[in-house]
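First the structure, in the form of structure tokens, and then the observations on it.
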């Protein structure tokens, strides 16, 4: 059989292309669908089936885009009222060449979540693989908090049944293909393994080691996970069907004068350089999200209305950058500064800077009373891993809304895990008129490496 | 300055991407515009100007497609009433960074033909290049027969004035960038040179060596050039604006049963394998146009209505094939046989064959009275280069319409220049019920190489 | 962890690249090692360990090539006296970042065969994967006949112990990564699955369903598998260390005159076109092995001494072709005919042809007494799947040595499974002076599809 | 004819691939020869001739590398005693398919310099192109100072004769293909034009506008051009034949501990990030040469003995980087820091910084007596374009040798044209123990843009 895993880096989304004879199916396609079309050409097959394991909340689905081009039919769980595609139920079977795909209803992450088992009848009549969507991952299980606090218990209970009542019964040797890998916002502890099996998860997945359903539900009730604001948009898009793209929108090269004009009109200026580059100099009123961080943070930081302009080091990697944005529905990405940041200062424009400190400089100044020490890691890290003495905690995703907690007259020293989120936070502070801002290079990681002391907040 | 020549292979169409600062212009863009967008990203420039040197008749222009994506403005000669873009006149100037582009009206090939001179003011104020469209080529000048016999003399006279009165006066050192290279149907004797200059053409271009305008016009009046039927569609498209594509349409993989269904419903089955492969076996009712011959012959052989299905050796080179078709407006290209021709015979379908002869076998049988020897080269070759004894001449492009001149009961032996057009002709004969058909491998080229005699038809 | 499977198409060889931190290991590297260097750059890791699961017999190993460039150390089983690398024993452990690789001695396919288990201690301390070399495949187990008839029983017994005593005890959920996929000559019934697991193999692998060791050994004793003559060269190379390549050797473009010179001097002329193309016309004294068949048949058909020249359709796919040859140690590949086969007949050279028949034409002529019907499929197919009436059987790999069994004065009609091996056989017959040769398109596959009768030879 | 220009970016070296029939020649090949092999495959031709227009001094020639792989013969001027290849003389002719290449001896840049005219006899018997090496460029002529002060006049006089006596007489329409484009160290004022012609140069090239030989020689005598120290190595290599590479050497990923070890042992640590990134933080004792500046500055800054380690932003662009180094003979490039600069500070290593100023901050502090203002532009710029008040001038290439002119106790403010060379200089100062160092972003370009005053040094 044909089997290809298609990974969307950083958001750690997995989709799957499976085929046999001259037919193929795609499970959970992403919005930039060229990869599936290329695969169908390479293998000389026609894509006839598309499956959505659930209404994804962390990226824009590519089902409509792919169906539009190929004529394939879209299938998803029938317990949600999607505006497109066709609902399927437990036991529904689909033939794709010699492959047999069968639907398992596995509610828990969402009510309409399905898993799909695959048999390759050319080799045997046993279940060979299962596509588990956001129900089961390598090392973790799906989050159950997306319907809000009230529904959490019900969903956790459903998830337990889906896992223990269905998936784990498939047989230890069944290969598990889930919708996400390590780093995804859809699970807290997804492992860094390309593939896993029912047997390996039974042995090693912490969520599956608990003694009974009550313990499982209790664990899920305690779980705290980030929920970026862009999820709302994704949920709406993926239920109603997102706008068709046809082709990746080309970015416009803008010059310095045009950039300034855009900025005046409210454009969101995103500097995608690394934190040290941003520190050394940047365009006033720009936000710094390093390139590989875009998929993780634009959903927290940017709105869907104002145009977005990119600033780079002169190596825009435009194709990749555009994909990062349109995968999250940011079709308002407009242009990039031609020539990168150097084009800005060569024209004698004002340049902002952020001070940087190594952890050693940080440690030396720790008792300085004029400092306001700001820890912008996520809640779990803050609580469980400890922090630097005297630090105040605001998760970087909340900083824009909690600026009044940060005194403007102080010298604000920001740190995070290793220094990237720090630079996002520093850029937000600079945009909002904070004058003395310092980024700690290496964050808590370097701090511990240097052997400096960690404090735990009493809870 | 930025200078990139973009060649569309085989139709030998040239377009040009020129830029300076962060701006660029495109001259005569083709319909699959991704190449220009890639260039604008690589050089970090924005495409602001598009020029059409004339209403092209041999391919679908990409101006609207490119303008739609980039927002650039389209410019063309004002003497034709285009449904899009903006008319320009002699002396109109455009700045693209430090480049200055200036319009020369150079009627002759068509009435609204323009040339565009380029100065790069960063290096000097002299004319550096000229984009001559279909007015002047390396080794030839534009054809003047497209408006019909009546207008030919007027156009030839205009062309003379454009060449001698304008282009040749630009200075010998000016680099000439024309819209076509060797092999194009837009000129009979275009040379195989990437670039040329006014000085080199003055010395070597035969059309420019004549003693006066009368001699020039007389030469043009004698010229006989093919005019493929698809020109009509191109002229209409390029005046009115062709349909937007957005993305290259993906081809569907079809299986044998589907192919047969399509064939019954009138689909055009195009076998793109080499002549020897087609001879060894092929799908009944298919036409053989080898892959590199598609750009040259689909415009003669295929209609714009019935769907088109491709057969290959299992190596479809789909991306390239799709481009060949959509560049000539064949948006009715639909699918390809998955697995190539072997998929056909593996399912025990009927197989047709064509006999092949080397020139030696041909020569041995030359006096056989049951043969009908058919020469399918173009008119000029037939008249000027001689032919095999007893041969009848029908240009391959006319064969479909002149089949009644070919006796069905005879053994038809087809030859051409080297054997490719022969196979097109052989496939047409087979489709039309001719039972004994032989293709000569190597054609007149091998015939001469072997030292066999050539006859000249009295004229 | 980093995990990449590197497939060498057609010989269906799998190698694996695994990494963690900034270190990586490669298991069973192939000779064209650029792919591993590219991966090490992409992931920013250094390759420090190379493992050979056994002395491979079906391709040239890339260990020395890779060690030469990276400085990594080579490891292999200690029960064979390799001229390079370092022997390892049961229980030896290796750390690659957070990965732990541990050696299992698993003799059976060869005496020094090892398997390697992998734990990713970042996720757990359980065995996650096992690299099984040629010991266990998806759907089959390693062949035990390579040491000759006398050793077969001992090896089969050892293999049983390695499988049941070690590999199957690893746990059902362990992912199995073997050295070969479907189509390899290293196993008769390897399944077409990218990955498998211990649990899935326990359930579905026929060799693992037998009731005891005796039954397992008996099954292995009955097994008949091809053993191409090139195995001898590979075994020698892989024990002693093959010559270093440094870079893929570039092929020379030769013209017709040069090709003829080479042919006179004994060069092996290999026509890589499809069977129908070869039938329609070919260079006298050339052998036809279609391009995708090269990895499977050059080891049967070509020697390592005489230079090899390639003929194509003018699309040489040179990079791929060179890899096919050098992976099997054919460093004597020298050139290709520039312009492909058309260059040959355009120069009026002699052309040979092979007649083709559809299965319907074949069936109509079946009783013709002047025919000699030749079945060139492998022994197993001939015995188990039946054949056409009156057919004689000679496996295509043996044909050169058994030509005296084929009467020269007869019209030889060749068939195989679907028509590819047929064309190899037809070309061998033509080279050896057989005048009437016909290839059946579609072979036994089309014959059955058409509903024609099959005979079984009594055994 | 086949014509391909192969550009080596930044060193602005041009080589040319020309062919006809199935033969090709390469003029002035670079050391990473894969591009020529790819072209010979694409066009199905064999490279039979290699020409060296002169003993290049600015890059390692690829002639031996290419001859080693293809068997082509190397040709160069006979007035220098090369250790390889074959000397050619005025009027020597070479046939490459239908092309005729003819040698013109054009001494001046060096004594053995040759130019090569090309006729494509398929189109005419006129000279179509001329390959002028370092004799004539678009906008400039070759430098005549490489043999030292004493020989300059003789060489300039020879160059005049070569230009006016030979090249300019070829005809205005002849296309000129020179060995360098804009940015090369081989000419001071090479224009930014892909191609030029004899006619265009006659009109616009300043060196060709002078009234007589005496004026021409006088102009050349006044010319001051950089001569990087690596020229000596290139001259030696290119006369004797450089070491063969076979394949691009792979870079090793090193971790922080290994980097420190290398540094202790004298390795040259090259940080290839942009100036703002370097300013924000860097590894102590590293030199900053931004990636695109490598080809221009490694020849000034690095030696050929100590190993070289690269630091990046985590996007090493390794293939390109390796090519930059090996083109200049730096085969001692060894490794790169895996994970880029962030890997350094995450391990709590010491971080150095450089202060940055916009031109506005610079201007505000201009009268501060504690500053030492250092202008590191080249001599011509300093003299001709003026400078900032109170600046001291040391060309960045000389800084290492003139450090004693820079007072260590001062706050050293460095500027250049736009800010890149500044960062090289700043890194040299930091490595040498200067504590207060500031880089001016945008340099003299931004300074003028802002309208700040320029001073001219009296000469």
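Here the chain labels run A, B, C and D in written order, and each chain numbers its own residues starting at 1.
Note that contacts are C-beta pairs under 8 Å (C-beta built on N, C-alpha and C of every residue); 3 or more make two chains touch, one makes a residue touch a chain.
Remember, it's a predicted structure, so these values are computed and weren't measured experimentally.
A.B. asks: Is the C-beta contact count larger for B-D or for A-D?
C.D. replies: A-D
A.B. asks: With centres defined as the mean of C-alpha atoms, identify the chain lying farthest from chain C.
C.D. replies: Computed centres place D farthest from chain C.
A.B. asks: Once you find the CA centre of chain A and the CA centre of chain D, what distance in Å lies between them?
C.D. replies: 44
A.B. asks: Whole-Å distance, chain A centre to chain B centre, using C-alpha means?
C.D. replies: 49
A.B. asks: Name the residues of chain D that each touch 2 or more other chains.
C.D. replies: Touching at least two other chains: 314.
A.B. asks: For chain B, which residues count as touching chain D in their complex?
C.D. replies: Of all residues in chain B, those touching chain D are 1, 3, 120, 122-124, 126, 128, 138-139, 171-175, 191-204.
A.B. asks: Given the complex with chain C, which residues does chain B contribute to the contact?
C.D. replies: The contact residues of chain B facing chain C are 273-282, 313-315, 340-342, 345-351, 353, 356, 358-360, 418-419, 441-443, 445-447, 449-450.
A.B. asks: For chain A, which residues are in contact with chain B within the complex?
C.D. replies: It comes out as residues 22, 37, 40-41, 44-46, 69-71, 246-247, 250-255, 314, 316, 318-319, 336, 338-339.
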